[in-house]
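After this come two complexes, each holding chain A, first together with chain B and then together with chain C.
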Partner chain A sequence: MQTAEFVTLPFFFRHLDNRNSYILTNQAGAFTFLENANVLKNVIHGNWSSLSSNTLDELLAKNFISEANEFDARKILIGSRFASVLKNNITEPSLFIVIPTLRCHHDCHYCQVSRVPINKKGFDLSRSNITHILGIIGSTKSSSIKIEFQGGEPLLSKEFIQNFVQESKRRLSEKEVSFVICTSLTDINDSFLSWAKVNDITFSVSLDGHEMLHNLNRPSSLFNTYKIATRNIQTLFDSIGKDSVSCLTTITKDSFSYVDEIIKTYIDMGLNSIFLRPLSPFGFSYLKMDSLSYTAYEYFEFYKHALDKIIALNENLYFVEETALIHLNKIFRPFHSGYVDLRSPAGYALGALVFNYDGNIFGSDEARMLYRITHNEELVIGKIGADESFFNHETTHKLLSDSFISCTPGCDDCAYQPYCGADPLHHLSTQGDHVGNKANSFFCKLETLIYDHLFDLYNNDTRTREVFDKWLSR
Partner chain B sequence: MDVSIELEKSSYPEQTVRKSLYWLSEDYQWQLNETENHWLITIFVSQESLEKATSRFHQLLNDFLLRHQLDIKTQFLREKIIFSALEKIANANS
Partner chain C sequence: MVEPLRKRTFSANNESLLTGMYVVESSNAKDLVIPHLPVIDKASINNGLWSSGVTSGDVVYYNQSTNRMRTILTSNSNENTLLVTEQCENRCLFCSQPPNERDDIELYKNATLALLNFNAESVIGITGGEPTTNKKAFLTLLHQLDYFNNKTKLHILSHGRNLSDINFVEDIQKCIGSREISWGIPLYGHKSSLHNRLVNAQKAFDETLQGIVNLSAFGQVVEARIVPVTHNIHHLINIINFLVNSFQNIKQISIMNLEPIGWAKKNYLELFVPVGKQNVYLNEVINICLAYGVSIQLYNYPLCLLNDNLRAFSVRSISDWKNYYPSGCNQCARQQVCGGFFTSSTGKYLEDVEPFQ
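What follows is the complex of A and B.
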């Protein structure tokens, strides 16, 4: 191969500590690995004759270098791919979160939304707001949307939800609409189940592990929350079908000792996926941070251990870990990911809108959680019923302009920039500004550890790669 | 215990030194001073962390120096790619 005419194209790189190698990525989303620092130096300094033909072929194929006569074409190709990803993230919202009530009968220590007791007055969204909310949703351009009912416990307001869904079907008939209720399933009954089946409602349920752990994380003074949750998940399976339920697991310090029990609970329930997620720095978990919190390293050790076990289980069954799949989708299928987090610019108001029980509109669920403990009016980007554009709200502009990670400190030269995103509300909550110091960021540290691990597994473990490919083809 | 490191300004641009120290903040406290020709860095560490801290700083310094050298070659192109991407999006929306 003639090696004199190559040109280096822009790329990011990162040292991978455990193998002393380097990962290279670029704005087109391509990645490759170099075995050591000397090879990296040769690429950067253009010592082409020192590189093997395999390395040169790989670098050319993935647009890390170019032959001089192809330079303009490759530049356009990278630019087009980068523009497509960026454009994919600059959308109108397709996720609409409605909070019918903040009341709940659980006493979860980590409650992110700071719920109130079930008899408390003044924490319910009035039915008169439904028309206004649907007017806003109807005016957005997204043709395929999801409406999520969250709380508190939304099933304490069944009538509101039923009215909302019926009215949505009439007012949003030109859109493809899916409905999700995020619930503990405590207040489900036969007539509601029948209605849910007819209306294609799906349910997102917290299931933190086996009985001891679930009840420890999600206690109630009124009942055994584990027994109610698992019994009603089974009821949903039997009456509507397995696809009607997805479960997610919030990991507390107490969860760290129970990896096997958590996974076994999901397998025994007949679930085919688990969504492991850390505590969020909002609500009660923010206020009790000292007693509840852990470092990103501590969480990652748990996560890695759990992921290893889940990958091993896939020898005999199909069982997905959703956090890993979200990240794999960001790497391999960036246009197929509907995930509103891990975006640049952030998904704030562009990915989701939240209609709160008190009539306030927020650009993300985290913003309403943070508002609940700070009462910072800057987080409110609109009021239900008011005639105003929340896309032009000063907070929306400020927050989004701070969330382009190609130009924020700590992110601008990160190798995982093509797959990662900004989390301005996390940094506002933990550090007091939208950008945050990434060297001290739980979010940044955890994302980096997860990407390091996934790339390492994908590149060095054939069996794991087969499992990941199976998950990606879902 | 403190570790003192002296670097020649002609070999290490300010941005390279500051970016390395930014990430070193994750684990260690430091101080940056300068003379006409040198960067004077002090890292505050315990005796048992001394080697680890020094090694971490030099790893960061080497990587950011390489990024600086890469930027000299490709920064204009990177900016051009971002500009043309934004222009493409603006044109599509107009």
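What follows is the complex of A and C.
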């Protein structure tokens, strides 16, 4: 091999406590590991002769260093990748969330949207708004979009949803549209199911675990919510098909003791994935923060334990943990970032628009949740049928400018910056500003722990790596 | 010389034809007549002297002095490729088509005529030499296709160096119109000291990288090609890591086993790595491509010599006119799905096969 002069390219590094090693990353999204601090020092100080040729070639392959004569070309590679990821995140929204009603028959302690009881008046979106909403959606450029009905319990407004879907087939014929109803599935009937089947509607359903835990997390004064949810999931499987339902799990303090039961509930239902999510600091869970909340470390201990069990299960079956897969996709598929909550700039208004029951337009689901408890008018970026210039709204501009994590404090030097995103609403809710002090941020703490763990597993455990590769190539 | 699956050149004594290019017309492939475009001279023949393998609509070249006919583009082939020049800036140690600096501008012209008259629905490969060495001729080819409203999809095999000129890429973009184009660009190393040595040219690495980035700026998609040889086989994992971490428009990586012809034949002993010894390196890179969502294909690898888990990535890649199965393959149960060998792989250039039961 001819000896060459090397130059370092810009990179981030982070100590991995578990193995006393270091992870290196760069703005192009590459990562590698160095076995100890001495090797890191040699890279930083350019002691090339002290580094093995294997290490040098690995660093060259991933653009951490450059042969001296090719520096300009490599600089362009990194710059072009970084620019492309940014550009990919500066999009027109492709997720449209419609809130037909805030009414719901559940009394969940952690309700993030602060639902109202089923008979309460004044919490429904009137049908006359459908034309305006479809006009807005039709004027955006995304050709493939998702329309999500959330609540409250959207199925308390079946007629609104059916009208909306019917009307959108006509008005949005140029776009490829998929419809999702986020529901507890409490209230379904045969005619609605056959309509849903014909119209390719899919359902996103909360299932928090086994009967005891689900009913504890998601109580209702009216019925046993677990029994109804599981029975109706089965009904959907039988009548529409397995692909029509995905489930998600909100993890409470009470959930911590029931890892096995939660996973078993999902496996027994015949589901092939689970989406473990912490509580968000909005709605009732915000108001009752002290009694409900936990630290990022506490949640992570639970999550790690659950992920270990799920990975082990994959010896014999295909069963995905969606939070892990979202993060793996951020690492390995930087150019298709479908997930609006881990983007830089944030997915606020660029990824999603929310049409609330009260006619207000928000840039994210979290924004409408926070508005519900704070009534802060600055969060409202438009009114259906009246003010539809949300892209030019001052709040949109301010919030997005604060969400480029390559230049926000606490993120600008973080090794996980290339894979992470901004969560301005989380920080607004917990700390009062869009950026927040990352040392006190639940979001930051948890993301860091998750990335530490995923990288550790990927690098050191061949079995897990095979499972991750299998999930990624889904 | 062994018999290929399809003969590209054959005897075709015909007194009414002058040397030149013709389009086959009529269903029994007896007549060659002028097509509808004003670009090929009017001519026709009427005889059935020449052998099978040509269909109505095919483009052929007749040489009067040798009485031989060569298919240029045929719907009977698994792969149609047009050579537009023999000139090239690189001097790859394993070049299968060693460059020739003579003025060969007529090759661009013939390729244009062939494309216009064949009007394929399938992808046609443009190769060299280096198709972009003569920038003006390359642009003219694209421009003429567009002018005659020809929609042929093209796969262009290029070293990408001339694409480092952003103005040139912009000019290409203007000539492309709505045409589907993909680029095949070889990268033999993850660092200039390796790549430049194998292509035997200064600056090649930097220019090729810039070229791929420039294509990306215009949304053009690239297939990266790697030829594993003695010098780079142990860096295969580094090259793959480099590709998936440096670009965003590389959607496919093709690893191409050496074709023992041209300079590859001359330098064979220095370059060649038996497939049995490549397996361990190929194994390492498959999973990286899966994780990063880049499709990977193995070209020119006989199935029996690949590890079992690699066989799914092997494709029948060798053009039929230079493809054959040696006698050892006669009893093989998987010959139908195997890519076989180059007709140039004979004698010491042929690896021993292990036929499937």
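Please note the rule applied: the second predicted complex is superposed on the first by the 467 of 474 C-alpha atoms of A that agree within 3 Å, B and C clash if a C-alpha of one lies under 4 Å from a C-alpha of the other, contacts with A are read in each partner's own complex, and residues count from 1 in each chain.
Just so we're on the same page, a residue touches a chain if its C-beta (ideal position, glycine included) is under 8 Å from a C-beta of that chain, and two chains touch if they have at least 3 such contacts.
Just so you know, these numbers come straight off a predicted model, no measurement behind them.
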Please work out whether A:312 is in contact with chain B alone, chain C alone, both, or neither, and reply first, second, both or neither.
neither
For A:87, using the defined touch cut-off, is the partner it touches chain B, chain C, both, or neither? Pick first, second, both or neither.
first
Can A:212 be said to touch chain B (first), chain C (second), both, or neither?
neither
Once the shared chain is lined up, is A:62 touching chain B (first), chain C (second), both, or neither of them?
second
Which partner does A:333 contact after superposing on A: first (chain B), second (chain C), both, neither?
second
Determine where on chain A the residues touched by chain B overlap those touched by chain C, and list them.
76, 80
Within their complex, state which residues of chain A touch chain C.
1-2, 4, 28-30, 57-58, 60-63, 67, 69-70, 72-74, 76-77, 80-81, 84, 332-335, 465-466, 468-469, 472-473
As the complex stands, chain B meets chain A at residues 19, 22-26, 59, 62-63, 66-67, 69-70, 73-75, 77-78, 80-82, 84-86, 88-89, 92
For a test of understanding, state which residues of chain C touch chain A in their complex under the given definition.
190-193, 197, 205-206, 209-210, 213, 216-217, 235, 237-239, 241-242, 245-248, 287, 290-293
Which part of chain A faces chain B closely enough to touch in the complex?
8-11, 13, 15, 27, 37, 40-41, 44-46, 75-76, 78-80, 82-83, 86-87, 90, 406, 409-410, 413, 437, 439-440, 445
